[in-house]
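Chain IDs A, B, C, D and E follow the sequence of writing; residue 1 opens each chain.
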């Protein structure tokens, strides 16, 4: 009974940490982007303000059951991702479900959210939401290929499919996987560009053109849920990359450093490149990133 | 046989019979008139019957009839020509007659129906 | 014992001569008497067949002269099976035509039933006789009846079909007589068993030439490929039941003749592969010609030709399994193709063109006929659980046992073609809209009865092939045992 | 009289009785129909012991029927899905014509499938195979005139396959001397090399057609989408599994015995992978729900084939588990489509939109099955997918993993399209009258949805019979080694524990669902889907802004090169070419009697000229 | 083109046929040595058992009588088929078309000859077992008599019913005699009458009876054929 309580408590703590870190990163990214574009930009805590405001708002209208459930699906996906990813190694507060699932489970639970969101958006009847969804799903098919190539390369090289297993392999050999399996890392990072949906892969949300769309149909709590889910997702994904390629982290500080370093990659890349159309994006992912993925597999098979 | 020429002349009977048959075949396959075709079929039959009867022939043989005269003079059955082909030809002739009659009746019908005897124009049934 | 094989010939002939007289007494007798005769013959055939299956073949001599002097009739398991099948089908054709011909006047009806009876008698004679020249006579009886039946309907192109048939038939008899005479000139006998005993003494060249002439002549009747030009026309133009009789009776007799020559009389070992070659060519050409047909009966005719090709192929394996398969095929083909002709002629009843598209949507108007046609179509392409499947299986098993893989492949490929065109017709019957100008015609009670009987047999054999396989095994054994045949015939005193 | 015989007799008699009962009363027909599916199902599971064999001699061939664990598993699919679809069909067929025809063929199909499963000899296997083919063909052409080409395509492909199988059967009979499946498998290693190659290929043609394996799949989309939906759920869910069953029982066990078998399995696996990809891509393109699901079925069967073709224990488990799941979710999805079709009269996404509030239960079933289809936890589809990936990875099929993964990710696109197309989007006046489907149609869908849910967490329930079936086929027992009631392992010992995951998911879901609706559900008001702010403009009531034409255009543009060529076109070309050849060939029959006479002479002359060759 | 092809084909066919028959040989015994040809038995039995002097007749009617039964049937059938093929409804049957009527020389000559021809025919088939000739030949002669009459008299008519009764009765006689033999001796067409003395008119058992029946039948049938065809009215183009 006590362990169950501890589990629940740990999960809540993990969620809070992820929420805070994710929100902060979001704020920082807005700030940095603004500075690069020679704007002042909002303060780094602006996201917190928005979130709290939205979270305590009351909604006046809704579009039906799926509209509610869409948000819940989204949260299930992001929180479950977070639960599966080992946040800190050797720490009793964050074990959660680390030993209950593996990478493939992760891959699938991660797709659950977008689908739930898409369903929720679909019920609103807003035509733009459906357009956004189709773009998002198409792009997902695009970046999943290099991403899975990279993961499969890791799996076959270390004969394990679980994240903890890969972390153990790194601990055992002493080198980070980004050095021992560089191609896999490159492929995975390139896939990450799509995952974060920053420019050039931001046609999904198309924040400037599509003034309406998913976001505009979701006010108040719904938007809050979307925001927090996004933050949690960001954190979970970054942590996953750190766990897989950079040897994980023993304490929160190292984790923050490593994740932020990773986070800079899509952010900075996005600032310098113009947006792709969906099919261009998809083809881009099936180009060089997949090539590196294949190289990674070759490496894994040969060595 | 004393001379090859005569030897081959013997076979002229076969040759003639076969030639008659071939003429009949030719007429069947080339002549356009239905009547000529029917006649050609008869010609084939004639040639064939000739051929069959010829097979039963023995040189110097007598008719296979045990007439009083034969019984008195010869008594040698082997001098008789083979009666079986003759019997068979009898049957074949009658059958040939039957077929010819039917064919002619059909020609009448065809003429009634198509108004022509040209076989090239009677091709409603094909493929 | 209720009779001897000669009654199969004598009774119908006597009846045929009597019928015109009886018709003067009461016109309806013209229709009734052939049925009575056929019924009696069927009873006789079944009795004799039962006897033969147990006690071995019956050899009957004519005019008191034992073979090889006189003509003899052989009622073995093999020929008995075919005779029974033919008479059974003949009876069905009679039942089917009985009321069908009611709207026809007295004189054509008289001739129709006479010709029909003679057709059956001739075919039975071909199967029963043990003398090659006698077989020629019966072939001619069959052919002439067939000419007449083909040309029975006025106003169609039936005379054209019949004339082609006559041409081909005459050529056939020419070659047949030539072949007979070649054999006779060498062996001095016309009795099959006697020839079979002595044939090894013959000059091989003469033997081969006479065999070729035989096959050509009989092949014309048996619808072997380059010789079968008459067949589609005749099938298409003859009255519906006659088409069934052709497919079920006449062709069977002709194939029987070829088989008798190949298996019993001649001892050419390579004649088996020759049969396979011509059978295969026939099968392929006929089935491919059928697929593009626009006329229903022509399509059925081509299908029938193809099936005969397959039968020859099966006989060509030369093994006991092959013969069994071929006999099974013949049985199934006789039954199924009759059903198809019977039901098919009602599906296009009121049309002169007999185009396939006239069957469109007939299932709504003629549900039972359509269903039976569909069953027949499914059965003939060999779909289980209908009868055709077992014969197809046995053919393929026989082919495999003879290592004829290529043959199997070809047969199966052709089967696909066959499947396609039958399916198209069935689809038309069931799923197309009725053409505006077609007038459905309800089948008479007799016709329906006959079709139902055939359908029931198809299902019976399909579900319980053992009903016939025992008999077929005995029949094939009796064909294969050449020595026994010679002994049976020639040991009579 | 053995129980197995009685079961078949009930099927047969039931089919005939049902057909004729329609002439008396429609209700009686429905009752007969239900009874003749459910009673044999009950009898089978209650009274037929595993391992029992009954024989029947027909035509000199001994037919042996019996149940083993493996066929029991597939019987579960057939009879389970069959019963569900039967109940559904009562509602679906209400008021349609040709009910008797439908019921008759339905029962026959079920019987044929059971026959296939129970056959221990090749002849009865083939017989039932063909009965299955034609009964399903008759269903394919149920909708009449327009479908007949499709039907013929289906039948021709099936026939080619079946004849290939028939050929293999007789060859096997020739060399092995027996029609028994067991003796064929035992004899296989002793065959000559060419037979060792050809026999599996011939069988593969037959099973590949039914399982819609890549170059032989072209019939499937049309046939699936044109049969009545109540039947298609069985057609796609159970009937296609017969191909899988055949592959496993005849093929995989057979070629496992020789080392070269590896290459065979590789080829099949790759074909399966390509099938999965192509099926998925084409499914995305479809605008008709039936077609979409049909292509999706092709793709899903590809996964299953991959699973069984790689042939490791985990692969077999994965393939068979997917087979069960596919029966469940694809059966449900076709039922959903049928329900929509019945209520609205069309299944085109561009016409039907926004049914979620009209048909909530149907939507619920569709949602569950779509989640299962997409392989998203916690529903059953995930377990199968997971096992498949793990099996591929642990057996060194790295590239195949990517292929499968691509296909299954792309599957999300059509999954979403299906849900969105019917249920989401703006509500239309045109469909305002639409009611929820009748209860009799809903019940099977709901039952199967619940089953999918249960199997997602407790896959052991179905893995247990799968395992015993595999043990029957000669595989090792994998209980506790590759699976437990709710844990699944891979060969390297990695695992997914499903139970806590489920609890977490439920907890998170409930929490946030409550969070979003708490207090809200009373105070918020529902606004119609027309009441949206599209860039500040509110669309008018009669405007339909739902995005439904060219739905996945961007993605399709990206994959356009892969879809430029349709295999179907090649087949059509071949068929057309053949038909013109045949058209040409039948001109041999010129109609001129003289020509025929010439043919006779030609025949004689040719034979005479070649007589030394021929004789 | 076609003609050349046909001639070529026929040349090959002719070559092979001729070669075959040259192999057989002409005018000398060609049976394979050591075999006992059936014809020797026939010739021997003709005299010994059947007491018939014309061997051809004995073969046609007795040894191979079954063939002859078939042959008669063929003729019967031919008439039937002819009637069927050329059948017209009663009111459609027209008058014979005659181009020009026969001269009186022909008509009276025919009248004169007719009984003689019939008599000759009857003689030929009655003496069929003794001398060359027989039922078929006699029947044909009788038919020519009728042909002569039909040609010379425009309105000469033969009763259809009578013809059909005659041919039926003759056929029944043949088949009936055969069946009597069957009942008497166990085989069809078996002789059950005393055979008499060779070269007597009343000899040969059932052979003369059958041949007489055949003669009647053939005569009636051929007449029927001629009559049917002659009454086919020429239909001018459609």
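By our rule, a contact is a pair of C-beta atoms (placed from the backbone, for glycine too) under 8 Å apart; a residue touches a chain by one contact, two chains touch by 3 or more.
Please read all numbers here as calculations on a predicted model, not as lab measurements.
The minimal number of chain-to-chain contact steps leading from chain A to chain E is 2. For the pair chain B and chain D, chains touching both partners: C, E.
The chains that touch both chain A and chain D are none; no such chain exists. The chain pair with the larger count of C-beta pairs in contact, out of B-E and C-E, is C-E.
Centre-to-centre separation of chain B and chain C, using mean CA positions: 30 Å. Centroids built from CA atoms put chain D at 44 Å from chain C.
A straight line joining the Cα centres of chain A and chain B is 101 Å long.
Taking the mean of the C-alpha atoms as each chain's centre, chain D and chain E sit 73 Å apart. The set of chain C residues that touch two or more partner chains comprises 133, 137, 140, 144, 147-148, 151, 154, 159, 162-164, 167, 171, 178, 185, 190, 209, 232-233, 289, 292-293.
Residue positions 586, 589, 591, 593-594, 597-598, 601-602, 604, 608 of chain D are each in touch with at least two other chains. The full set of touching chain pairs reads A-D, B-C, B-D, B-E, C-D, C-E, D-E.
Of all residues in chain C, only 163-164, 167-168, 171, 175, 208-209, 211-213, 215-216, 219-220, 226-227, 229-230, 232-233, 268, 270-271, 273-274, 277, 285, 288-289, 291-293, 378, 383-385, 389-390, 392-394, 396-397, 399-401, 403, 405, 408-409, 412-413, 415-417, 419-420, 423-424, 427-428, 430-433, 464-466, 469, 473 touch chain D in the complex they form. By the touch rule above, chain E contacts chain C in their complex via residues 16-17, 20, 23-24, 30-32, 34-39, 41-42, 45, 62-67, 69-71, 73-74, 76-78, 80-81, 83-85, 87, 89, 161, 164-165, 167-172, 174-176, 178-179, 181-182, 185-191. Against chain B, in their complex, chain C makes its touches with residues 133, 137, 140, 143-144, 147-148, 151, 154-155, 157, 159-164, 166-167, 169-171, 173-174, 177-178, 180-181, 184-185, 190, 232-233, 236-237, 289, 292-293.
The residues of chain D lying in touch with chain E in their complex are 598, 601-602, 604-605, 608-609. Contacts from chain B toward chain C in the complex involve residues 21, 25, 28, 34, 37, 41, 44-45, 48, 51-52, 55, 84-85, 88, 91-92, 95-96, 98-99, 102-103, 106-107, 109-110, 113-114, 122-125, 127.
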